[in-house]
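What follows is a set of structures for review.
In what follows, chain A forms one complex with chain B and a second complex with chain C.
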Partner chain A sequence: MRAYPLTWRLLDVLEAGVAKVFPRRLAGATPYLMLAPAVLLVGLLVLGLFQIADGSLRTLDTTTFLMSESYSLDNFRRALTEPLFRNVALKSFTGSLIVTAITLMLALPYAYVMVRTKSAALRKILLIALFLPFFIGQVVRAYGWLIILGNQGLVNETLSFLGIGPFRLIYNYPAVLFGLIQYMLPFAVLMLAPALTAIPEETEAAAESLGANWIQTFIHVVLPMARPGFVGAGLVVMTLSLTDFAIPAILGGGSQDFIANAIYDQFFRTSDQGLGATLALLLVAAGSTLVALVFALVGTGTLGMGRAKQ
Partner chain B sequence: MTTARGKTIFLWTLVIISIVTLSAPTLVVLGASFTAGNMITFPPQGLSLKWYASIAQATDLREAFLRSLYVSVVCTLIAIPVGTLAGIALAKYAVRFEKALQIYLLLPFTIPLIGSGIGLMLIFGNAGVLGQLWPVGIACCVINLPFMVWAVTASASSLDPDLELAAANCGAPPLQTFLMVTLPAVTPGVITGSLLMFILALNEFLVSLLLVDARIVTLPVQIYNSIRSIITPDLAAISVVFIGCAALAIMILDRLVGLDVFLKSK
Partner chain C sequence: MKDLKNPILEMTRRRFLSATASIGSVAALSAAGMSTVGLQGALAAEPEKPKEIIVRAWGGSWVDSLKAGVSDSFTKLTGIAVRHDLTEDNEIQPKVWAAVAQKRVPPIHVNWDTTTNATKSALRGVTEDLSDLSNLATVTDLAKPVGLDGYPIVNTYGYVYVLAYRPSAFPDGPPTSWKALLDPKFKGRIALYNDGIGFHFPAQVAGGGKVEDIPGNMQPAWDFITKVKDQRPLLGEDPDFTNWFQNGEIDLACTISTNAREAKKNGVDIKWVVPEEGAKFETDGLWIPKGLPENELYWAKQYINHALTRDAQQVWLDGLGLPGVVPGLTPPADLVGDPSYPTTPEDFKHLIRVSNKIQVENESAWFGKFKAIMQS
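After this line comes the complex of A and B, so read on.
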C-alpha cells in the first residue's frame, strides 16, 4: 500500500472540520462571511462618524472646560457664520480646484506616454519616478521642498549667485498648491493609466487616417474614451487635496491653513472638541456629497472594485 | 504644432516637468544627507557620512522607526486575510446589494482622513486603548483597506471560474479548491496589496499624529515635530531610511509581480 502523505491527511482533517462547522447547505452565505471582517473593520469608521456627530452637538462650557451634557446646534451656527471658517473653507475649495485642474493636465501626458511607449525601459523609469515619491510619504517630501524652496534653499542660493532674489518661496499659498500637486500626481496617473490602456491604439490611428491631427484626436477620441479614468483621478485628487493636512501645515508654515488644519487646531490647540467635531462632520458631508454627485452622474469610473464586466 | 513632431515635443515637455517635480525632493534629501556641514547649505560643504553616524546613535529616532515598523506589521497582518477574503468575495460571487457594499467598502477613501482619524481617536479613547501602538496599526489598516481589496479583486477577476469547477470535478472538496486553486491565483494581488499596505502604514502621518502621544511617536510624526523646530541634516539622513524602504518595496514589487500590473485596464 502506498503511504498516504501527511499533507493530505492534514487537509482531510481540515476539510472535515470545515464541513462540520460550516455545512454545505450554508454555502450561499460564503461570500457574506468572507466580506464580514472587512465590513466590520470599515464599521469602525462609521462608529467614529457617530462619535463625531455626537460631539458636534455638545458645546464647550468656557467656565469649566467640559463638554455640555445637553445637545444644541450652537456649534453649527458658529461653524457656518464665523468668517474665519468661511475663509479657510474658501481657501481649501479654491485650492483643491486649482490643484485638480493642474494635476490632471500633467497626469494625462504622463500616463499617455507611459502607456503608449514601445520602450519597456522607459515605461519602467516612468513607473519608478511615480512610485518612489508615492512610497516616501508626505512629510519627507515636504521636507525636501523646504530644502529646495527655503530662504537659504537651493533655488534662492542659485538665484543669489546670479544676483537676483532672495524670494520668499515657502509659507505661502502657491507653495502649498505646488506641494499638493506633487503629492497628487502619482495618484492621478495611476488612476488614469488603466483607462488609457483600455483605448485601442487602432482607434487613434483610425482618427488620424481620417484626417484628424493629434490635437483633434486627443480632444475627440482619447479624452472621451478616458472618461472613467478622469472621474476616478479627478475625484481622488479633489477630495485628497481638499482634506490634506501635512502639506498646508509644513509648506504653509501655519499661515495657510486648510480645513483639516482648522479641525486639528480646534481639537488640540483651542481644545473645543465640539466645534472641531462640527467642522469635521461638515467636511465629511461636503466630501460625501461631492463623491455621491459624481458617482450618480457618471458612475464609479476606475474606482469600482467589483466583478469584471462581462 | 499639429505635426507628429509637435505632439512629441508637447507631451515630453509636460512629462519632463512632471518627472523633475516628482523626483526633486527625493534627490535633494539624498544629497543633503551626505553634507559635511552642520547646516544644509548650497553649495554643500563637502561630503561625509557623519549624519548617518549621528542617527545611528540617536535612540529616539531608532525607537520611532521601530514603532513605525511595528505599526506597519500590525496593519499588514490584519489587511492580508481581511482584504483577501473580501476581494475574492467581491470578484467571484454575485452578492446582494453589491453596489451598496462597494460604496461602503470605499468609505475609507471617501471619508476625509482627518474625519476618519478623529473618529477613530474618539472610539479608541472611549475604549481606553489610546496611547498604545496596535490601535495605530488597525487605524492604518482601515484607512487603506480599499487598496488591498482592489489589488485582490484585480487578480481574482482574471481567474477563470472554470478552473475551480475543474478542481471540484476532479474530486477536490471546497476548502482544497480554495487553498490549491483560488489562493495561488490571487497571490500576485495579495503581494501587491500587502506591500502597498505596509509601505503606506510606514509613512502614515496624519492618523498617527492623531492617535499617538509623546511617548509613542512614529517616525513620520517625529520628523514632522523636528521640522517645526529646526532643519538639520540628521533629518535628511533619517528621511533616507524612508527612501530606502520605498526603493526596496518598488524592487520587490517589480520582481514579484511587475510594476506594469498598475497599467492594466479593468
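After this line comes the complex of A and C, so read on.
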C-alpha cells in the first residue's frame, strides 16, 4: 500500500474533478483564464473611468447643487484655461520630473552597493534601512519631517545652538520635493536592485580585464545594462509623485498643491464633482501619455515586454 | 427645496407632528430638573428608541464641548447613546448626498456643520425640515438660516474670524488693522485658512472696497489678498493654527476665535482683536439628512431640540467660547466684553455678515480666485 500513498489518491480525485469542470481539450484557454482576474480588475477601472468621464461633462448648478442633465465641455475649458489649474499642473509635472531624476541618482549607488557588497552584514543593514520606511505611513513620515524641520525642530534647534537661523525649511516647494524623494527612494531601489542583480559580475570583470577602470565599467557596462531597471523605477517614481496628495498637503503649507490636491478641493470643498472628475480624467490622460512616451522612446523596462520584440 | 413639498414627505412630517408636540414638554421637564426616570415615563409613548444616534462633529475641544453640553445630557434624558462621527464636514457631505440620491439610509443622524456647507445640502434638498422643533419658539433670530425657506438647518451659535496675534511680536500694542498682515517683519509668519474662508470680506474692506459690493465687485479683496500672498502666508485648517502658534511658526493669523482661545488654554501666549475694518461673523448649525427610518428621524430631531435648550447651550458654548442662540446665556468669564463674543447690537456693528446663499453660490468662484492667487 505504501507504493500509492493517500496524498496521491487525493490528487487523483482532485485531478478527476478538475478534468470534469475544465476538460483537457480546453487546455488552450488556460492562459486566458489566468488573465481573467487582471481583465476583470482593469474592466472595473475602465467602468469607473466611464463614470468619471460622464461626470466630467456635467456642470454644477450652484442654485441647487445638482449636476446638469445636459453635457457640455465647460469643465474642460475651465481646467485647461484657468490659471489655478495651469499653475498646479506645472508644479506637479515639474516636481515629478525633478523627484524622479534625483531619486534615481540616489537609488543607483544604494542599490548597487546592496547587490554587490561582499559583506552580509552591510547587505542586511541596507535591506532593513530600505524596508523600515514601508512600515511607517506616508502621512506619519511627513509629520515627522514637520517635527524635524520646523522652526523649533531638531535642525533649527541645532542651528540656533551654533548661532545660525532659524530658517523656514518647510511649507515651501523644496520641502515638498524633499519629502517626495525621501518617500520614493525605497521604491526606486527595489525596482533597480533586480536589474543590477541580473548583470553578471563576470561582465564587469571582463570589462576590467580589457583595461577599463571601475568608473568606465560603471558608465559603459553597468548603466546601459541596468536600463530596464531605470525605466521601471523612473516610471513608478514619476507616476507616484505626479499623483501624490499627502506630501504636498502636509509639507507644502497649503500653497504648493499638486493636481491630486486640486481634485480633492473640487470634490470635497466646492462640491463640484464635475470639475473634480475633469481634473482626474486629465491627470489620468497626462500620466498615461507620459508613460506611453517613455515606452516609445526607451522601451518597457523591467515590465519584460521587450523580450517579445527580440 | 422642492422635495419638502413632496406629499409623501409631508405625510411623514404630519405623522410626526403629534409626537413632536411632546418635545416642548420634554424640554420643559428638563429645564425643571425632572428626574431621568420621570422623563423616561413621559417618553414612554414616543416612537421606538434606537440604541444610538450618530452625530457628525469636529474633533478636539469641539466634540468635547458638544459631548459635555448636549450629547451626555441627551443620553441621560432619553437613554439613547450618542456616537460622534469625526469625519470631516466636507467629506461626509458627498456620502450623505450619495445616500439620499440612492435612497439609502444616510450614515449619520445629525450633521454638525458650517451653515455655508449645510446651505448647499439644503439647496440640494437633502435636509429634513426642522420647523416643527418646539424650542425654535424661544431662540433668537440667529438660529434662522438667512436666505432659506423654513428651517432646513438650525443655527446653534455664531463665531468670528478674528485677527489672532502673538503679543510678544507687538511690543507697541495690538494690531488695529488687517493691514498688519502686510508688515514686512511678518513675512512667512502669517496664516490664513487654505480656502480663504473668513478673510474675503475683511480683505474687501481693507482693500478699499465696500461690503455692499459683495459679490458684484470684489476686486479690492483680490488686490489685498494678492499683497498678502507676497507675505508668504501659511495656509491651513483649524488644528494647524493652534499648532503653528504653539510651534512658533506664526505671529498673526485670521482664524476662528475658538482656535485662538484653545491655543491660549494650551499655554500659548496669544490674543486676538476684531480689526477696524471688521471681521466676518458666521454661524454653524445642526441638520438631519433625509432617508432616516421614522423613529430615528424623530429622535434625531429630539437631539437638535435638546441642543437648543438653555442648559445644553450654556455648557456646550462655554466650551467653545461662542455666543449661542438662546437668550440669557452667561458668557464665559474670560470672554466678557470680548469683541469675538458679540451680544449687543453695538458688538455686531463691527462684524460682517453675508447671506449664506450668496456665499454658497459664489464659493466656487471665490475659492478658485483665492487659490489662483495663493498657488501662483
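By definition in this document, the second predicted complex is superposed on the first by the 283 of 310 C-alpha atoms of A that agree within 3 Å, B and C clash if a C-alpha of one lies under 4 Å from a C-alpha of the other, contacts with A are read in each partner's own complex, and residues count from 1 in each chain.
The rule we apply is simple: a contact is a pair of C-beta atoms (placed from the backbone, for glycine too) under 8 Å apart; a residue touches a chain by one contact, two chains touch by 3 or more.
Values in this document were obtained by computation on a predicted structure and should not be read as measured data.
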Chain B versus chain C as contact partner of A:Ser271, first or second or both or neither: second
Partner chain in contact with A:Thr158 - chain B first, chain C second, else both or neither: first
Touching partner for A:Pro194 - first (chain B), second (chain C), both, neither: first
Touch count on chain A, higher of chain B and chain C: B
Which of chain B and chain C A:Phe167 touches, first, second, both or neither: neither
Partner chain(s) touched by A:Ser255 [first = chain B, second = chain C, both, neither]: second
Contacts of A:Phe245 with chain B and chain C, given as first, second, both or neither: first
Partner chain in contact with A:Gln138 - chain B first, chain C second, else both or neither: first
Partner chain(s) touched by A:Leu60 [first = chain B, second = chain C, both, neither]: second
A:Pro83 touches, of chain B and chain C: first, second, both or neither? second
Doubly contacted chain A residues - partners chain C and chain B: 150, 152, 267
Residues on chain A engaged by chain C in the complex (per definition of touch): 60, 62-66, 82-84, 87-88, 91, 150-152, 168, 171, 253-257, 262, 265, 267-273
Residue numbers on chain B that touch chain A, as the complex places them: 1-4, 6-7, 10-12, 14-15, 17-19, 21-26, 28-29, 32, 40-43, 78, 81-83, 85-95, 98, 101-116, 118-120, 122-123, 126, 138, 141-142, 145-146, 149-150, 153, 157-158, 173-176, 179, 199-200, 202-206, 209-210, 220, 223-224, 227, 231, 235-236, 239, 242-243, 245-247, 249-250, 253-254, 259-260, 262-266
Chain A partner contacts - residues on chain C that touch it in the complex: 88, 90-91, 93-94, 120-121, 123-125, 188, 194-195, 232-236, 247-249, 360-364, 367-368, 371-372, 374-376
Contact footprint of chain B on chain A as seen in their complex: 11, 14-15, 18-19, 27, 30-32, 34-35, 37-39, 41-42, 44-49, 51-52, 55, 105-107, 109-110, 112-115, 123-124, 126-133, 135-148, 150, 152-154, 157-158, 181-182, 185-186, 190, 193-195, 197-198, 213-215, 236, 239, 242-243, 245-246, 249-250, 259-260, 263-264, 267, 276-277, 280-281, 283-284, 287-288, 291, 295, 300, 302-308
